[in-house]
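You will see chain A twice below: alongside chain B first, and alongside chain C after that.
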Partner chain A sequence: MNASSDVVLDVKRLSGGFEDTDHQILPVLTDVTFSIRRGVSAAIVGESGSGKSITALSVLGLTPAGFSLTAGQIRFEGEDLLTMDPARRRKLSGRGLSMVFQDARAALNPVFTVGWQIADVVRIHQDVGRREARRRAEELLDRVRVPEPARRMKQYPHEFSGGMAQRAMLAMALACQPRLLILDEPTTGLDVTIQADILDLIADLKAASGMTTCLITHDLGVVAENCDQVVVMQQGCVRESGSCAQIINTPTDPYTKQLISDSRLVETS
Partner chain B sequence: MITTPTPPVLDIQHLHKEFRLRGTGRDRVLTAVDEVSFTIHAGQTVALVGESGSGKSTIARCITRITEPTSGDVLVEGRSIIKMPSRKLIDIYRSLQMVFQDPNSSLDPRKTARATLDEPLRLHTSLTSHQREQRIRELLAEVDLSDHLIDRLPRQLSGGQRQRLGIARAMAVDPRIILLDEPTASLDVSVRGQIIRLLERLQENKGIAYLFISHDLGVVRRISDRVLVMYLGTIVEEGPTEEVFTHPVHPYTQSLLSAAPLVEVGRRRERVRLAGEIPSPVDLPAGCRLVGRCPVATTACATTEPSLLNVTGSHRAACPVALDMQQVPST
Partner chain C sequence: MATNVGPIYDPPSLAHPFGTDRLGDDILSRTMSAATLDVSITVAVVLLSVTVGTVWGSVAGFFGSWFDYLTMRILELLNAFPSLLLAMLVIAVAGPGLLNVVFVVALLPLPDYVRLARAEVRSKKNWQFAEAAKLVGRRPVGVLFAHLVPNSLRPLLTYASVNASQVAATVGALGFLGLGIQPGSAEWGSMISRGQDAILSGQWWVAGFPGLMIFLLAAAFHLISDAIADSRDQGGSW
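Then we have the complex of A and B:
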């Protein structure tokens, strides 16, 4: 096993599935194995039903009811998250590793101001008072390039556009300076110019903090332009993994090849 | 395009749609589509691209009169449909059909594939039930849906199969033009490729024209002959697809095209950046809509609204500043 310190996340032979009414496990993940090196921008790519999101949720321990892991290990900085004391794991979530979800406006609570929600996260993880938490929240909004952060603090999620809401979610995820940030389809549903802005922002934040990012996406274009390590999944299995250049330029797996040509809208001959 | 005396399949003239927003004090006006004109000829594919709020879907809804336009005219094969009483519209829908983005909400959840395809045939043709059954099977074959799916309900079909059924329903009456509103937006890339190939094949075989509404620039480049770029309700640039993609003139088009990711490693292109986000279409100011976000704006841009100017041939752009800059190297 590679427990060397330059591996942030090491997922080994992870299997799991949903339990049906006869207590049979319907497999969703089968022997999923990959690792992410410190400081890279990694990506897990796949179509719907490939298991990419459930893999990410398993890492965070946020899998939906009915889903259970049947085998495997998830090591974060060498420690197995699955056998770890739950209190320790909770502590790691947010500080060690954090996650940004697809639909930012749905992920925000509609009845509290955005500023309140970011300050709340700051207060949970850091020992600071209300006023200091608010100040830090405003600073975070500024860091994710939300214009007029002081005014935006007092607004509710419905007053935010999709792109601005995703920035607010990033601010929240960054509140505790995580070492690994998992982004589940962070730009799906956003217009291409907003998508490009958010991806640029993520790259800049990453460069400034040195954190590792793992992007979950179906869009190979986004991967090719933003990532340096890629895991391709299909139907709960890892089809191929390697450097971005290797996967995009010289794929060996037939599914990966097909996915690339479909994404480029060219015919495979 | 071949110049023939026959009218274009679809002729949009100064289409305008405003929504009044009631509120305290005076009503405010949201201009969704502002004086848009374009034509589509037989067998041609014209793409409408633009970001959310640009008015592209409102145009499709006005053309089918799902939404009534405020002013302007829509001619289908030379016949104006705007003043037409709604009971006469059924004739128009023989020539003009629509495929919607979300097949889940545009298919009746309680109708089988057979019933879904039978309805347009009963409404628009005088075929006997036996002939209709035959035609339904033909239609299913045309969109590569196998016979055994004929009694399935939409929820028993996959996303791709549902979109095929939506296309088959639009094809049922042999229309001259189909409006496709984001037909591939909710599909996986492998299914997207199949649907694009299907649309191309159907066009080749039957000479149908498409108005293809999409924000997926890769698909647009692949499928369309002409492309219209929309921003806040107006066309800012139009032209032959390859010409617009390789030589975009309008700063908005440049920004949009340079933001679209390509499946190529290390090819992060130089982006043309606009400041901020798309503003609200409520109470639009005078002058160019891009003013305030545009990297090349001059003081004149804030007062005069630019009209579409010729770049080359049928390529036009609504930006005198960018056009002037283009001309500098050649002189």
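Then we have the complex of A and C:
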């Protein structure tokens, strides 16, 4: 494998911002540059407003109204997502890259059973019948360690707890078999023990399927335990990026140092 | 339908529970025969209107741009006419007949359904589950019809059942004015019109019973709408 095919996601000098009432762009992202190698578990770390989520949404083409990118490239497996035609891009969503949202319960459709929704995604991506899709959906729920998958299949999202809903979202993402899975704060708002369970699960699923993951979080503790590669962002700029060990142990950027000393990493290590 | 089975203008009795009209026709049997017509016209009108309105409104709300703009202008045009007058005009031009009545009466509540569906879809299209559906590779049309429309159905159906009672009254009104289906066929509205002179001379039952039926049908649709509203309060499955 040559060097370029080794990189799944390559973001180059990405800039953008929200348009104000005078049609001036208020910058939110400035020259964001980083790349994610195939098979790693990467993380984008930063506090609220650092631009980490909007970077991820830009990669997925889900930027909110009023936001526009002004410069830069987002290359997924060598192809620029920003200049790609919409049909090709839609084909990539799900199969190429997929996302798990922070609030899993809001990301499930309230009027359909969870099983129906997972089976539906299975049918979009795999040429199987209704019954086979339901069987695979149940298998997926079992893989993400939802107890009693057969019974859970028939339940509606409001009957799921936050942690269970996040598992269902993971099952749905897995149904697409994505090459890159972006997880936007997947454990924020969950109990600490459930957080650990979900992170373990993500690591196991990653190991089993060989997909690349990109975790978006504000929690350096989570990053230190789970990731190989880290991008630190602050106020729309990348402060530092590199391997996890290097950044945690020998940070060069003052902001990263601040972040590490403010987190509980120092106390525990 | 039996004709001339009894004496003319016979008051309600055991032989003729609803009495007879000026031709000696039994009002009960005419009322029952008219029920199939009135109920099926009403149901057909509501189904047609809610289907067309939902598809039209949700597409306009989802895709926006010029189609949405055009839709809103057409709706304003439709709303600018008094609805019964519009229906009378169209039927006067197109001629009476079952299908014409269905199409014309379906046109009247159409703007309400379009607006309702449009507003529902617009308020929900940026919800996370719609974005999540895009992310797993659904086409925009798929996001609309598989995710957004099913989420908008409850207010539409609740409104449809309220609207059905108005439709029942409109169908009766057109029949009363002689603009409905073929003159002479048993229909509650035209039966009322047949009996209106008799009210003055004391034979209240000729127009009274068909009128009561329209009232009961409208009330029945209101009960259905209450039931739908209750199912929402109990956190029903949809």
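One rule holds for everything that comes next: the second predicted complex is superposed on the first by the 261 of 269 C-alpha atoms of A that agree within 3 Å, B and C clash if a C-alpha of one lies under 4 Å from a C-alpha of the other, contacts with A are read in each partner's own complex, and residues count from 1 in each chain.
Assume a residue touches a chain if its C-beta (ideal position, glycine included) is under 8 Å from a C-beta of that chain, and two chains touch if they have at least 3 such contacts.
None of these values were measured; they are calculated from a predicted model.
In the overlay built on the shared chain, the residue A:V121 is in contact with chain C alone; chain B does not reach it. After overlaying the two complexes on the shared chain, residue contacts for A:M172 are found with chain C alone; chain B is out of touch.
With both structures placed on the common chain, the touch criterion links A:E47 to chain B but leaves chain C unconnected. Using the contact criterion defined above for the overlaid structures, shared-chain residue A:L259 touches chain B, although it does not reach chain C. Applying the stated contact rule after C-alpha superposition, one finds that A:N249 touches chain B and leaves chain C untouched. Applying the stated contact rule after C-alpha superposition, one finds that A:P147 touches chain B and leaves chain C untouched. Looking at the shared chain after the overlay, A:M99 reaches chain C, while chain B stays out of its contact range.
In the superposed model, A:D80 makes contact with neither chain B nor chain C.
Partner chain A is touched in their complex by these residues of chain C: 126-129, 131-139, 146-147, 150-151, 153, 235, 237-238.
By the touch criterion stated above, chain B contacts chain A in their complex at residues 51-52, 188-190, 192-193, 196, 215, 217-219, 222, 255-256, 258-268, 271, 274, 276-278.
Residues 47-48, 147, 161, 163-164, 191-196, 200, 218-222, 224-226, 244-245, 248-249, 258-260, 262-265 of chain A are the ones touching chain B in the complex.
Within the complex formed with chain C, the residues of chain A that make contact are 60, 62, 65, 90-91, 93-95, 98-99, 101, 103, 106-112, 120-121, 124-125, 156, 158, 169, 172-173, 175-176.
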